[in-house]
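Order as written gives the chain letters A, B, C and D; numbering starts at 1 within each chain.
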Amino acid sequence: MSVFIDRNTRVLVQGITGSEGSFWTKHMRGIGTQVVAGVTPGKEGQEVEGIPVYHTVRRALREHEADAAMLFVPPRFTLDAVFEALDSGIRKIVTIADGIPLQEAVQIRRAALSSGARVIGGNTSGVITPGKAMMGMFPYWIERVYKPGTIGVMTRSGSLTNEITAMIVRGGFGVSTLVGVGGDAVPGTRFAEMLPDFQADPDTEAVVIIGELGGTMEEEVAEAMEGGVFTKPLVAFLAGRTAPEGKRMGHAGAIVSGGKGTVKSKIAALERAGAYVADRPSRIGELLRTALGRGTV
Amino acid sequence: MKLFEYQAKEQFIKAGIPIPEGQVASTVEEAVQGAERIGSPVVVKAQLLQGGRGKAGLIRKANTLEEVRKAAEGIFQAGKGVRKVLVEQAVPFKRELYLSITLEPANAKALVMASSEGGVEIEQVAAEQPEKILQYTVDLSSGILPFHSRSIAYDLGLEGEGSKRFAAVLEGLWKVFRTCDAELAEINPLFLTDGQALIAGDGKLSIDDNSLFRHPEFEPGPDYFESPIAYEAYKEGIPYLQFDGDISLMCAGAGLTTTVYDLIHYEGGTVANYLEFGGPNYRKGLRAMELCLANNPKVVLIVSFGTIARADVMAQGIVEAIQKLNPSCPIVACIRGTGEEEAQKILKDAGIEPLFDTEEAVRIAVRYTREFSDAPATQPAGDPSPSRGGSL
Amino acid sequence: MKLFEYQAKEQFIKAGIPIPEGQVASTVEEAVQGAERIGSPVVVKAQLLQGGRGKAGLIRKANTLEEVRKAAEGIFQAGKGVRKVLVEQAVPFKRELYLSITLEPANAKALVMASSEGGVEIEQVAAEQPEKILQYTVDLSSGILPFHSRSIAYDLGLEGEGSKRFAAVLEGLWKVFRTCDAELAEINPLFLTDGQALIAGDGKLSIDDNSLFRHPEFEPGPDYFESPIAYEAYKEGIPYLQFDGDISLMCAGAGLTTTVYDLIHYEGGTVANYLEFGGPNYRKGLRAMELCLANNPKVVLIVSFGTIARADVMAQGIVEAIQKLNPSCPIVACIRGTGEEEAQKILKDAGIEPLFDTEEAVRIAVRYTREFSDAPATQPAGDPSPSRGGSL
Amino acid sequence: MSVFIDRNTRVLVQGITGSEGSFWTKHMRGIGTQVVAGVTPGKEGQEVEGIPVYHTVRRALREHEADAAMLFVPPRFTLDAVFEALDSGIRKIVTIADGIPLQEAVQIRRAALSSGARVIGGNTSGVITPGKAMMGMFPYWIERVYKPGTIGVMTRSGSLTNEITAMIVRGGFGVSTLVGVGGDAVPGTRFAEMLPDFQADPDTEAVVIIGELGGTMEEEVAEAMEGGVFTKPLVAFLAGRTAPEGKRMGHAGAIVSGGKGTVKSKIAALERAGAYVADRPSRIGELLRTALGRGTV
């Protein structure tokens, strides 16, 4: 088993003929992902890596079964592409787009919530189950970074992903599934919403979350732990302990956050809930060993 | 992107939200002329993006034209880089309300907040009497319905004409929020006058950067930026933050850079700037280096662990930049990810020691800020040895 | 409320949907003048609310002005009550498409349907080759998104310029649908020309009656109604349906009236009209009776089982109406519900036998249509004895 | 037990100070309904039948708990009133309004579906559990019409309601709960959506549905019976067996209905599913006896 994606997931790639789309489609297949079809308006009849391309999602689904859509679509067309996938009944969507207009991101998440779908992203590298499958862009061929294992990972940051997974591997572990929820202010899926999946996944022994200052996703993880929704060991790394406060959103930002959103508040909440919080990437392996009761090897 | 108060109010007018009579002025003379037209008393307000203008003495009331002149002079000369002031009629008000619209990421709706206790102390009200902050979530596609306006108006103590006017202000602010692709639209204070009129005393409007392509009218000028270098970077399309420490960060990705920033501070170092070397900028090594060096840093620290941003291309760009710019400070490079073997070779060939560990790279960079702070032009010693422009 | 084709096309123009050049004409002369301006060949189309105009010979092609004259004369004189014709350029087309927007009650969304096999046989296509009817449900608040247009266009075989034009037509039709509060917006045929242009050959637009208060521009004239009585009833705000049988129904509520209609037919009777006596009309006994009697029915049958529509008020109104109008046909009254004891008394006092069973009332009414069909002016015998105006 | 409403249901009345609102509030209390508060903008501080009135639903709910909202609100303000109730977390709503703009009715139903709420109406008399409680307008004081019993009733027609319940009573039965789903083209709740509630209600032995020509609600009932969702005896009366076809909705109407929507098709579907179909109101009692295996008494 794994979280979100495995060898049985049939993936449709929207935007397959673009340079990113075709490049990463090749690598998605390379790791073992079933890519069943691609969509690019106006390019029906073409093939990418032997995969047939269709004008629209509907046309693709007349010929193929798919249960997930991977979007390599520019940010300003992402809302349309997500709604197209949802309209055709697809309920797992990953979008890498960096720069989705904020109010459209809100509408994407709302549509996902209303239709019981899961949209991962935007502004993410995607989801990978090392050794099995991926939807997104990961240099899985670098072994010191993407070794299969039993540690689930969730990250807001794309740039820290390789850094942290390398530390997990250096600590003697590997990754079960990594979910990049994305670095946008309004990601389609939030950390806490993925926790039940990691809880249920027998291949995941512990979870590492990679957080940042701002927002309340880390605090929600702490709540889920305190509420008993997630009971496996959890290690957190949070970037921004010494960073100056980000741009202030008028008084409204201060009122809404009500003291949450700082790295300090996140660390306090997570530690109260029993999480192990690493102050630097190199300590993650050690904390995982402690959390899993394996002492320091 | 934050807008200036006067820009926010331009949007308010379009949406039918009443604002005080006012005039934007770039000089003391213009301010005085504006006040003459408007009639005293007026308020002279610095147009700055930072909050807390009132407490910083950058909002001054003036009863006579002479006071206007003094106020404007004082604000322009306060050393805060004020380029414009807004001269506005001083509105006699009965109460100060608060009204804002933002987004609520978890619910995926808009959040309307209002309070009968508006004004500069609103955050204190929120902390001490949270029940005085009314909150309504609003679906983006349904928008503001009559019951939203009605419910908030009654809870603000507005009835009859005041309630109708409030509905118009809220609908107007919603229109501004939606059509400007705002992440924040805020009126604080929203003046309530004796005659039940509602007038926007201040206006904060922050446009979502990802939507700016739809809003060429908000193209920012140099006065939006913390430094000329930041403005240069903006024109190149390179994200950039200005600090005032020693180490210039040329890093890929906000998360990794923030981590590097933390690690530098753990080691007792300081940061001069953060320039985003990732995303589409990884091919812009020369220009990026140029901007970083413009800060005259004690060291340039390059960290990346890229997937799309190819390490070899980054390394090549850095080597070229060093050759062309001949920097007088050390360059520390820790470039990993896709293409890292090739990158390693390129750096080594150019005499730069490639590093593989972020924390080690930080330690070395911080050490250099100490070792070379008094002798920036000499060749650094030690192993691993960072490259200096001078050594090539 | 259905609109005439020319009215639908007025809305299409506003929304940017291309239509053939055309002219509305109320006389043969106007039609000929229109054709002269447009240039031959043209199509002369009766403006009627009923469908099937083509098969009824009410749409005629004309190649010369003389043919236009003949066509218009023929249509005006066809005895179908045609008051206007639309003279339109005959569009040379390559294909006829179909496009409509309606509502889908179960999903609570709009339903967009399209077909590459448009034209008069579309219903046959739907029955025999349902796969040729494309169906998309669209959320009312999100509206038409680019993928909707794109998906339908590709499935209709449109690409490039044709696809872009289709998107404009679909977005236009959506705008018409939403702004007119339509229950149906339909283009059939939607002509596709050799040059990939799309032109609305016909237009059906039906406005939701409950939204007409927002659309005073669609106020219907007498030509919308099946009879002058129906128009009179409309002006009184009384729902009314015209039939041509014997029994005039003055009943409360569509469900009960439909049941009474069924029961009358089971008994071999026929219905002259249905006038809604329930809802806000229960106080309008006199006017209601007047309208019913205008049909010269063999009997007026009143049935209600009301909750808000008070039986006593209805009874009082009927008694007053009979006194004033002195009808020559029998009145059968079965009025129950709130206030029924008082109603019973009022009717009895006026010499009318109050009935309590719908089916019995129907049987009696049908019997009277037979018994008195040859002797409408005489006093009916039998028990229970219905009142006749003449007996009061 | 009963369906939708009982003595424990706490009802908020929106539009309580209008003539219908106040009149029927009195009668709702008269039958035993808990009416906890009323709402009419601008009338806070007043009382109706001793029930306190508030400006808004939020203000009422600060002082009272309510789990249902009864709307006596004009049709063109109904969407706003429904959304106000939903916004405050109320998930049971009855609206009697006759004349709700059709596209607003669609949006009301969509909002109800999205939020898991049940909106009954518009264009209905409401819901009554005789002898216990009601939300709406029923002359429950006429005993030959509203006798408590074991027959659940669902109706599209307001005007037939009293006629049919009187026949149920004349047949020797009484009513458990009557739900008027309403006569509009887009009711907030459809027949088939209420069937699970009647199935689960131990006080309901059989259900009578009062249908009409047009739409597909009766066909959906037949499907629910065939799908085993509803297994109790069901008697249907359908008005319009001899009626001329209603106004045609262009070609679109014909295409969508695809032969459904006529009384003939409804009867065929219901009989195929095992329902008893009465050709006239007076036969309902007899069919109920047959359906319940009690022979003709």
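Going forward, a residue touches a chain if its C-beta (ideal position, glycine included) is under 8 Å from a C-beta of that chain, and two chains touch if they have at least 3 such contacts.
Every value quoted in this text rests on a predicted model; they were computed, and no experiment measured them.
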item	value
Mutual neighbours - chains that touch chain A and chain D alike	B, C
Most widely separated chain from chain A, with each centre as the mean of CA atoms	C
Chain centre separation (chain B, chain D; CA means) in Å	55
Computed distance of Cα centres, chain D from chain C, in Å	27
Residue numbers of chain D (touch at least two other chains)	107
Per-residue multi-chain contacts in chain B, two or more chains	139, 141-142
Pairwise touch network: line, ring, star, complete, or other	other
Touching chain combinations (by label order)	A-B, A-C, B-C, B-D, C-D
Interfacial residue positions of chain B with respect to chain C in the complex	139, 141-142
Chain C residues touching chain D - in the complex, by the definition given at the top	2, 51, 98, 100-106, 108-111, 113, 122-123, 126-127, 130, 133, 139-141, 178, 181, 183-184, 186, 188, 204, 206, 208, 210-211, 213-214, 251-259, 261-263, 265-266, 278-279, 304-308, 336-338, 340, 357-359
Chain D-touching residues of chain B, taken from the complex the two chains share	136, 142, 145-148, 150-151, 154-155, 159
Touching residues on chain A, where the partner in the complex is chain C	41-42, 44, 55-59, 77, 79-81, 83-84, 87, 107, 111
Complex contacts: residues of chain A adjacent to chain B	20, 75-76, 98-103, 106-107, 109-110, 113, 125, 137-139, 142, 155-163, 166, 183, 185-187, 190, 210, 212-213, 215-216, 220, 239-243, 247-256, 258, 279-282
